[in-house]
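First chain A sits with chain B, and in the next complex the same chain sits with chain C.
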Partner chain A sequence: MNIAPVTSKRLFPLGLLFLVLILLSTLPIYGPKYAVILLTDILLYVILALSWAIFSGPTGYISLASAAFFGAGMYTSAFLGKALPLFVVVGIGGLISSCLAFMAGTLTLRLRGMYFIMFTFGLSQLIKHLILWWEAHVSGTIGRFVIIIDVITVYYVILVLFVMALLIAYLIRRSRLGLALQSIGENEDAAAHRGVNVTVVKVITFALSAFFIGAAGAIMATRWTYIDPSISFNPLYSFMPVLMAIFGGLGQLYGPIIGGVIFAYLEEVLITRFAYYYMLFFGIILVIVILYLPNGFVGLIQKWRKRPLEGQHAST
Partner chain B sequence: MRVLEGKGVTKYFGGLAAVCDVDFNVNQGEIVGLIGPNGAGKTTLFDLTSAALTPKSGTIRFKGKNITGLKPYKICRMGVARTFQSVKIFANMPVLENVLLGSLFGMSTGMSSADAVKEAGELLEFVGLSAVKATPAKDLPLAHQKRLEVAGALATKPEILLLDELMAGLNPTEVVQSMELVKTIRDKGITVFMIEHVMKAIMSVCDRIMVLHHGVKIAEGTPQEIAASKEVVKVYLGEEVRAGS
Partner chain C sequence: MYVKLLNIIIDGLLTGGIYSVIAMGFGLQYGVARVLNVSHGEFIMIGAFATWSLYTLFGVNPLVSLVICGPVLLIIGFFIHRTLFTRIRNSSESLAVVEGNSLLASFGLLFIIQNIALLIWGPFVRGLSFLSYPVHFAGTTFGANRLMTPAFAVGISVAFYLFLANTRIGKAIRSAAQEPAIAGLMGVNINQVLALCFGLGALMASFAGSLLSITYTISPTMGLEYTAISFIVVVLGGLGSIPGSFIGGFILGLIGSIVSYFEPGLSLIAYYVIFMLLLMVRPKGILGK
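For the complex of A and B:
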């Protein structure tokens, strides 16, 4: 009696996911070009939120370094795009971001709370200005062109990255690494005294999560064709993942996904319909969610789900 | 055999000597008590042993190996586990996962997940919490949280367990249960080094007691010797004053 509901509970999201993936992967065949572009944007936001949540979700270390990783990926694309095949470029973009995260992590993951947040934000700005300085003084031109890749290829690469990020996030949550990350978020000292090598766990996960952000940057750069430090290291890429993940809810894997989808779609609608009030609306919606849905959308969904169950208990 | 041995262990907080030139040792299979007034440096001594703090000078050896300055996770994996005065549990994690963490990470040799789950379950049985496996740790009453912390520490398969005020805040019945728990832990072959303020407990459970005062070890001996020691009584109750003088 106990087994049946559990398996159907597991099968339902899996089947849904499968269906969505099939729809997504066949979209360019039947969908209009606009849909492909819109979904690329949505999937990009989802990747950013999901990757951010891989590390920051369980540990509670709020990283604002996403812009640094994203921008590093973009610049990789600008430098290597002409010389190497696309997939290699995307892979290298991810690896460079991972290395960056690894170095930053080794230096700073001793920092906690506010100090870590400030450092990661500083890192994004430092790299931005470093590249700006280098372009102004060494290479002589600010900004560079990136090779153009057709919309559908970009879409498929982003889709593959999304599936990879989702898979990794899922596996980490299920593994002992996930348990270690959660214990660090709950009580780092106690975790260390239970044999968790907290530094290694944090640095590895931080580097892993940066991979997807960097790879996404490398592929998205080809769609924007021209990049400069202000575009690629835009601080918005540091803040958006945090907002999206918290908006969606950090308790479950699908929280950041929902957050990313809603944010990307909202942005699209608000920008096209209310170009002047876009940020205003956005801000109001965000404030309402933070005030009334402290556990994000996922928290709301779980509340709804629990309610009928509680009713059953009461009646029996 | 000496499981734990400290020589000249010293730690300053600013200009204050929290622990000053303390020698101590704990033998295999013993229950050793560490007592002293508030601020005597008891918890600091535990922190130094488990590497939550590093000593200014002195060495701490575990089974003859120098462990001074190692990282906490290494010391834990070698076989030194501890609990904290203010319970440090993983509040939002279910009870079982609290213990599972120690089984998965607390040993130098890895363990399969299935074995770890089984062992965590057995440990919960041992401390009497198997009925609340799935409850988030924060929802347990204090006495159970303390037991949970002990189970989590035991999951790392320690040879010595440092218990920091296991009985503080418990009612008399729970104190008796905790005393029984400490004895059964020792009967499993695990050496126990414990800080305690509940005198009844420490006097009846410990084989040997050390007394710290202002960071200095002022007495050491069997419970009877400590109870009879003039110096210890002086530290706890103040000096005797003759009427009329």
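For the complex of A and C:
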């Protein structure tokens, strides 16, 4: 008697996800071009937030290295875009970011809390200035042109990356790796004593999460056609994933997705009206969220769900 | 050779002095108020633009506006901490959560302040010419502003240190840095003291901004660069150590001027390389405990 609601409860989000994915994958057939471009932007932000949350969500290590990974992907595209087929370029972009994350991860094993935040921030700034200097003094350019690829192909690549990131995030959550990450977030020393190989778990997950950011950078570079270090290593790409994921809420998988969708759409709406000042609204929203929604959007949803239950308890 | 060396040293002291002032404020905000204030650079920018506006609109001497803007930003900083960060402190369960949420809130402040500045002053690069006449010093010629700024920076830093070391409020601040809970039991109004620390950080940022506006060009988006430098100096000197920030600022300034003498584009890269090596090898910094 109790089985029916339980299965339907599990099947409902899965069915919904399936429906959304079918809608998304058939969109270019009937949707206008604008919708395709808008959804590419939204999916990009979702990928950034989701992959950031894969590592930083459960462990509590706030990484500001996303800009480094994203920019590395973009520069891969600029250097290899003409020589190799698109999928290979995107894959290599992701792998280079993973290697970068792997190195950064092994170097920063001892750093916790603020030191880790500062190190990752320093990493993305260092790479940005190195490339800036290299381009100006050795190759004699400021920016680079990237081959142009039609919007629909870009859209499908981004969609595939999104599905992959979602799948990986889901699988990690359900696996022993996810539990290990969770325990690191709760108490790293205790986790190490219980036999979790803290180092390996952290580095692998960090590298895995960087893959999607780098791959997304590689494909988005073709949309923007021209890149320079200030565009591709913009510190905003470090900040935004953090803000989106926290805004959405880290407790559930759909938190960063909601955050990414809302931020991308908000940016699209605000940037057309207040081209220069839309970040002001982000700032205000951020402060309000920190003050009134400490657990993000997910926390709010869970609060709504719990309320009627609490009411029942109170009445009995 | 002698002239070149003197130039390097003066440049190093100039940037180093400003770095010291910036980092001392930043270090106080993190070391005591536990706010890793990413918007520190924005307070510097506000100080610089307030000085610039007062000078170009009303002809106020930048050294006078230094004294005017500082206290105004102190009060603003105090109230920002009372309204925003005190609430975060009270609603979060552990110190790590307080630090994380404060970091995010200061990101919000960064966007808000920077964009308000863009609304007021527009996205242009500005500069003012004050005390730019040449001065003959030790056999060579310098702009007067380039000699005066380091002197002021050192003066401000020393005064700030003496304030923390010798006054009653300074004692309260130091006790709050060591053991906030026990300091509270001993009769220190902890919320007031933490807010004051945040305000003092804003005060130092404003001083640095005023000094910057005399010697360098300023723009509303300049803040992040100085925030990054505060990170580096504070880690170099030792997180939470005010004398460390003071010394670290001068060391970094001198390193920067030496590197940029050989290759101008490399000074920022040198900063970040030092920063990351330090984090890996000795995260405690020079004077860290």
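FYI, the second predicted complex is superposed on the first by the 307 of 316 C-alpha atoms of A that agree within 3 Å, B and C clash if a C-alpha of one lies under 4 Å from a C-alpha of the other, contacts with A are read in each partner's own complex, and residues count from 1 in each chain.
Just so it is clear, a contact is a pair of C-beta atoms (placed from the backbone, for glycine too) under 8 Å apart; a residue touches a chain by one contact, two chains touch by 3 or more.
None of these values were measured; they are calculated from a predicted model.
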item	value
Touched partner set for A:Y115, first chain B, second chain C, both or neither	second
Superposition-derived comparison: chain B or chain C, residues of chain A touched	C
Touching partner for A:I62 - first (chain B), second (chain C), both, neither	second
Chain B versus chain C as contact partner of A:R176, first or second or both or neither	first
Which superposed partner A:F145 touches (first chain B, second chain C, both, neither)	neither
Chain B versus chain C as contact partner of A:V242, first or second or both or neither	second
Partner chain(s) touched by A:R194 [first = chain B, second = chain C, both, neither]	first
Common interface residues of chain A - those touching chain B in one complex and chain C in the other	none
Residues of chain A touching chain C in the complex	60, 62, 107-108, 110-111, 113-115, 117-119, 121-123, 125-126, 129-130, 132-133, 136-137, 235, 239, 242-243, 246, 276-277, 279-280, 282-287, 290-291, 294
Complex contact set, residues of chain B against chain A	50, 52, 71-73, 76-77, 81-82, 84, 88-93, 97, 100-102, 104-107, 113, 152-153, 155-156
Footprint of chain B on chain A - complex, ascending	176, 179-180, 182-183, 186-187, 189-198
Residue ranges of chain C in contact with chain A within the complex	30, 36, 84, 87-88, 91-92, 96, 99-101, 103-105, 107-116, 118-119, 123, 224, 228, 231-232, 235, 239, 265-266, 268-269, 272-273, 275-276, 279-280, 283
